[in-house]
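Naming follows writing order (A, B, C, D, E and F), and every chain is counted from residue 1.
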Amino acid sequence: MLKTNVETFLGCEAELADARIVIFGAPFDSTTSFRPGTRFASKVMRGESYGLETYSPYQDLDMEDAAVFDSGDLELCFGDTETALKDIEERTAEILAAGKLPFMIGGEHLVTLGAIRAAVKKYPDLHILHFDAHTDLREEYLGAKLSHASVLRRAWELTGDGRIWQLGIRSGLREEFRWAKEHTNLRPFNLKAMPEALAALQGKPVYFTIDLDVMDPSVFPGTGTPEYGGVTFGELMEAAVAGCGLNVVGCDLVELSPAYDQSGASTAAALKIMREMLLKLEEPFIKGPVQV
Amino acid sequence: MLKTNVETFLGCEAELADARIVIFGAPFDSTTSFRPGTRFASKVMRGESYGLETYSPYQDLDMEDAAVFDSGDLELCFGDTETALKDIEERTAEILAAGKLPFMIGGEHLVTLGAIRAAVKKYPDLHILHFDAHTDLREEYLGAKLSHASVLRRAWELTGDGRIWQLGIRSGLREEFRWAKEHTNLRPFNLKAMPEALAALQGKPVYFTIDLDVMDPSVFPGTGTPEYGGVTFGELMEAAVAGCGLNVVGCDLVELSPAYDQSGASTAAALKIMREMLLKLEEPFIKGPVQV
Amino acid sequence: MLKTNVETFLGCEAELADARIVIFGAPFDSTTSFRPGTRFASKVMRGESYGLETYSPYQDLDMEDAAVFDSGDLELCFGDTETALKDIEERTAEILAAGKLPFMIGGEHLVTLGAIRAAVKKYPDLHILHFDAHTDLREEYLGAKLSHASVLRRAWELTGDGRIWQLGIRSGLREEFRWAKEHTNLRPFNLKAMPEALAALQGKPVYFTIDLDVMDPSVFPGTGTPEYGGVTFGELMEAAVAGCGLNVVGCDLVELSPAYDQSGASTAAALKIMREMLLKLEEPFIKGPVQV
Amino acid sequence: MLKTNVETFLGCEAELADARIVIFGAPFDSTTSFRPGTRFASKVMRGESYGLETYSPYQDLDMEDAAVFDSGDLELCFGDTETALKDIEERTAEILAAGKLPFMIGGEHLVTLGAIRAAVKKYPDLHILHFDAHTDLREEYLGAKLSHASVLRRAWELTGDGRIWQLGIRSGLREEFRWAKEHTNLRPFNLKAMPEALAALQGKPVYFTIDLDVMDPSVFPGTGTPEYGGVTFGELMEAAVAGCGLNVVGCDLVELSPAYDQSGASTAAALKIMREMLLKLEEPFIKGPVQV
Amino acid sequence: MLKTNVETFLGCEAELADARIVIFGAPFDSTTSFRPGTRFASKVMRGESYGLETYSPYQDLDMEDAAVFDSGDLELCFGDTETALKDIEERTAEILAAGKLPFMIGGEHLVTLGAIRAAVKKYPDLHILHFDAHTDLREEYLGAKLSHASVLRRAWELTGDGRIWQLGIRSGLREEFRWAKEHTNLRPFNLKAMPEALAALQGKPVYFTIDLDVMDPSVFPGTGTPEYGGVTFGELMEAAVAGCGLNVVGCDLVELSPAYDQSGASTAAALKIMREMLLKLEEPFIKGPVQV
Amino acid sequence: MLKTNVETFLGCEAELADARIVIFGAPFDSTTSFRPGTRFASKVMRGESYGLETYSPYQDLDMEDAAVFDSGDLELCFGDTETALKDIEERTAEILAAGKLPFMIGGEHLVTLGAIRAAVKKYPDLHILHFDAHTDLREEYLGAKLSHASVLRRAWELTGDGRIWQLGIRSGLREEFRWAKEHTNLRPFNLKAMPEALAALQGKPVYFTIDLDVMDPSVFPGTGTPEYGGVTFGELMEAAVAGCGLNVVGCDLVELSPAYDQSGASTAAALKIMREMLLKLEEPFIKGPVQV
């Protein structure tokens, strides 16, 4: 029988009503300062996802047992940042209101601000777990307060001091690193502080945002601002799965810019991180609640 | 409201019941002799189609008024040619049985054979209008009778002498050109014989197959076997629209291999040809039947 | 002697005081709807310009005799469109105030609005000569009034009916083509209406804006929205030179997106058009005033 | 003196009569499920091999002392899998019959089946050492039993239980991993089980097949199905050399797809692995038999 | 039977003794001023030649009837220009001494000087037919007298005034164009002066050198210095064939730089020109001497 | 105010008089044996440098406090090696004469010879610290004594035995490795011998030359001759900074070939190494002399 052409991330084919996690794409890159192109990430990832298997031998879990709904991509207005953020906030709020977990695929890192605005309304005690190469703590960038270089600074205005954990950071202004000492928990260069972060965030509502450029450019060249000295794929996978063992109320993967990696490998890296995160988030429901 | 992610060619969003034309992709390239990659054409074209407008200033017609259904891509078995052809034949037959016109996006040129097998069953008097750089008339290729280099030869076995019109041809074996003199109406190098072909095909049931490499590689480098000396975009657009004024009972566009044109322009060329063909095919229904 | 590293377009090395033409880059692409990347055009063009000669055998004129100053690129705020346009307007106004002719290198087509805002203040009777594949006449795009798809509509709000000549147009909404019939002089598909446009614009102060995608993608694939059916390089060169024989008070070249043409040829095309335009604009001063 | 143009892998210029190892290419990729292109591997490797040195500082051995004959590439029929496998089997059998060691360059992984069919006829006790990212143990793929996703399953039908060692595996269906527990010695994720495998395979006739995608995509992006979490170059080189210390009766390197790594580095990786393997296989003859 | 791996241009497989034409590659690009890479042309062309057919429907001739020997590529010393030129001169002289016609594949245009040095020794009355975008008449380039920008000037020193015909030229210094008026027959912009050139060169010993960048970059982007305003493929093919009807004693195709055209189309263009030239040169021997 | 377009490496904007370090580019690659393209390194690095921050969180130092002057690129003669080397020697000598430290950006490795010729004249006791994948110790290459494959051999002729430390080497002729045992301090495969080298070089005038291909191609694919088995980015950064703690009298970074890494990541790697080296070299002046 002829059917209309539905496209979803591999293994994310649950009915909306059954789903515990809802994916959406936020294809926006208007404030990108160096090299744009992250707008294509969600579309390319969806298309390439069928090159991956649904089964994870690492966790011995299979996406076929998960309940994930793919609600497609938002149609965001390029050049009008505030409008785009509002659309993202609305979509996130809608998912949260339905009692489901929003999983956003960027776009540039600024899209995270829209999701956090919605999350903090529902969870006033929201904490943030942030993996990145860059501080993203600028007060402004060339006069703009809404920029992918200032997204965590804007998020901090919503959460206040001490609620943001920043790991893997290896690039920023001197001022940003100094400012972070007062206001966030910044652990530079790698993800070795994860045990510390996990302990501090235990039981808190956590928004988990991963700027994929936390990986070394040797692993992940497909991004706008490659910054060497990053973590390996294995280190990120392990930490991302660990983070998903927290009380995650929303999460995202941002800053994949597929055109900068002609081999397609960066997209494959993003997809595998995404699969492992989804499986970890779904694990309690697949295996039954963890026994104490 | 959250909805599942439906993806169609731009402007091809009719309900199946209402549609007069049904599109499908045939992502197959296993017999490609030189450089594979046409399997990605339909997917990439669908994704890029939103870079085009629905309106044609050439014909003053708009896809918004057309009734086209996009049934997505077949999942074809690579490495098992006969099975793949059967799946294509079935899909084509199903569309024909529903009284609709099948519009196939290849894949390599061999996919045309599957569609023609279905069409000739419904229309025993089937004629073929064929634009191409290559004769495609080999008896076999490295021992294989099913090859993109022999597709028109196989089609001739179904239609017999004199029913195939081949235009734009500029590459082949000496034997093929000689064989064509006896069995097909081959008009080499360009599309200037279109008036002759149109006259001959008037009123006949026509399967219209366009190997996009009929265009010059300066226009259309995104193909497996670039062959210089081809036609311009404007020449192809004009002839393709003219061909769609015939009694077309099925058609296809084949041999776009998007990875060979990093600029994306070749994909844009294919899409614009496709839009103009769809509009011409739909013209009688948009404007009302032609008055006599 | 060690000197600081000055980089200019080839042959554009006049002192500011001596220059009649001032070049500047406007690297902005935040509102680009399809594929961004025009922000890199001015930088890449400057770097590649030494692959061209200063001498034109077409006009028998040499850039060594021209008086052009290259003032480098603006640093524009991505994601804040209005601020970016103000910066462009200021730079243009400064050049006009100095009695010189501004020659802007985009960036996306919206940058033209900044320049026209400045030009129309100095020349209230400003007319516009516009080469493009696209109408650019949308009232808005996804809610944004400032978009590269609406730049000529915004320009029309400054000039009023009948003062804009649009040539080469072959893509747009049905509504835009209809709107154009009332408000602009749109001549679709090619540049054959140049004699008519030249006659109408004779003696008027003219802002001349060339969206390089007016060229066919076979000639110029390096652009965000390739649209087949365009003009050849020779046709554009001839018309661009002819346009520069008018009373041009400002001009620009926009929408080169170098990363989409890995061969570098599109950049070379833009540079050669630029050289021929500069030489034609400078011709009266090189040869002395035209004798009557 | 003018000579005909002979092309061989660097340092593989022995006369056939003198050679102990015979190289051949098997350019076939018709069953590749995701991204084709491995057909170009042998040709590109041969061309790029002169960027490498003949001398290995790791083993202090030089290809100039080795006796390797390059018999060029087979001309395989795309789209007719069984015919292609027969041609590969014949070439392998011919080399084995001449008392030489066949060293095959793929192509996709299915080509290994042809070689193993020949090897198992000569060595009924054949064992297999298999490095790969993927299990390759499917019973069938989209209905085809001959697929690069099922090649080890087909090989198992020839060798029976317990004779296949699979290392580095990190992707597959849940069913494949479970099946492997009963039938093969699968050691997932890395090559750390090499001592165990070497011990088990000591003295056995071994066919050694390396799917180069066992390397991490950060090292080796030039492959059809990049799968993160793989081994480093150094780990593969060490294990490949160790494997060549066994009683190897045939071997291959498969799944390089050069077009997916525009930098050429993946090809260089394949070539260096190949050189080190050839030198280790030749070591007894270069240095004289190992003294006990 | 296992055979060593011989690689030749498609259809150029005659024995040396039988051949009338001898091909060789001259992979040298050390003096290239802008973008190097032509050193790869002959190797890539040879590899891609099997994507072409041996039969020409334009001339109704087949390479299978031609007698052409491919002697492979010279191994030239990069960075030592004079040594490289000597090696080229020697190879050319050897071919000429054997009574055969040398057909050289560059490399940059300077390689032509080596061939001409040999040709002028055998044919003191040597004339030159030169297709190019560039004058190549500089007295020197950055101090070097041996440069691809001065190759025709150096050739003129060997032939003297009036013996060089230059067609298609559209780029150079003002001085070069002026110098050409005194010393060569330069016909700028296109190939329309071919009848005039053919008449003048009738009966003379002619060295025919084609810088492939005479084609427009829309046709042939794969070159180091793209210069718009060039000829179409059809125009070049026609003129190249016409030129081969002269008394050609040596010829070459230079300046293909394959890496700048990722689509491979530029290489295909060069190969098709080459095939048509070879067939025209061989025509008298295929069809028997022309009857008078 | 309109200003001329000055372009420098990020943060290298000191006045010449104030600068302690002077950067210059040496865009030369005529002797490159395999794949040319390093001529573009300095230009591309300068352009991309604004994607990096001026601040180093590793050293807690900021380029804003450094005194570095960028004197732009030399204009070197391609194809005339000795002339190019003379120009490099002159520029280096001029910087040394001004009491400043020359920091050269290649170009191929041969450019180092020009700089060392100048340095050894001022510092007769010059020692060399050399990181590389390749020995670069050939007596000649295809007859040329001046080649990037022989640059350290030529340097040795100036310094004599025992003064050259070579780390990271993993490719060369057998003869080169043997020759090195007598004449240089070659420590193969990695940078673990740095403590030994640092001890030996303490207090000596050191020229520090880094061939960036010492990094593994997984980290740094953008080079002409990728050689696997190299060091990580972190290993190079640490060793490069340590080396800059010596009495460095000149240094360079060579063999980046940006076109071979379409992602731009290799360029980013080179830039970050450069920033860390500059900061270490400037550290004594930023923090004041080290206290004892």
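Please note the rule applied: a residue touches a chain if its C-beta (ideal position, glycine included) is under 8 Å from a C-beta of that chain, and two chains touch if they have at least 3 such contacts.
These figures come from a predicted structure and were not determined experimentally.
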**Request:** Identify the chains in contact with chain E as well as chain F, in label order.
**Result:** C, D
**Request:** In contact with chain B and with chain D at once: which chains are those? Just list them.
**Result:** A, E
**Item:** Fraction-based call for chain F against chain D, same above half, different below
**Value:** different
**Message:** Can you work out the whole-Å distance between the CA centroids of chain D and chain E?
**Reply:** 42
**Geometric centre distance via CA averages, chain E-chain A, whole Å** = 56
**Request:** Identify all positions of chain E at which a residue touches two or more other chains, and write them in rising order.
**Result:** 216, 218, 261-262
**Fill in**
Chain pairs satisfying touch are A-B, A-C, A-D, A-F, B-C, B-D, B-E, C-E, C-F, D-E, D-F, E-F
**Item:** chain C - residues contacting chain F, complex
**Value:** 2-8, 16, 22, 43, 46-47, 69-73, 94-95, 98, 262
**Prompt:** For the complex, which residues does chain B have touching chain E?
**Reply:** 34-35, 169-174, 177, 188-189, 216-218, 221-222, 225-229, 260-262
**Item:** In the complex, chain E residues that touch chain F
**Value:** 29-33, 36-37, 39, 75-81, 83, 110, 141-144, 146-147, 259
**Partner chain F, residues of chain D touching it in the complex** = 50-53, 55, 57-58, 60, 62, 216, 218-219, 232-234, 237, 261-265, 268-269, 272
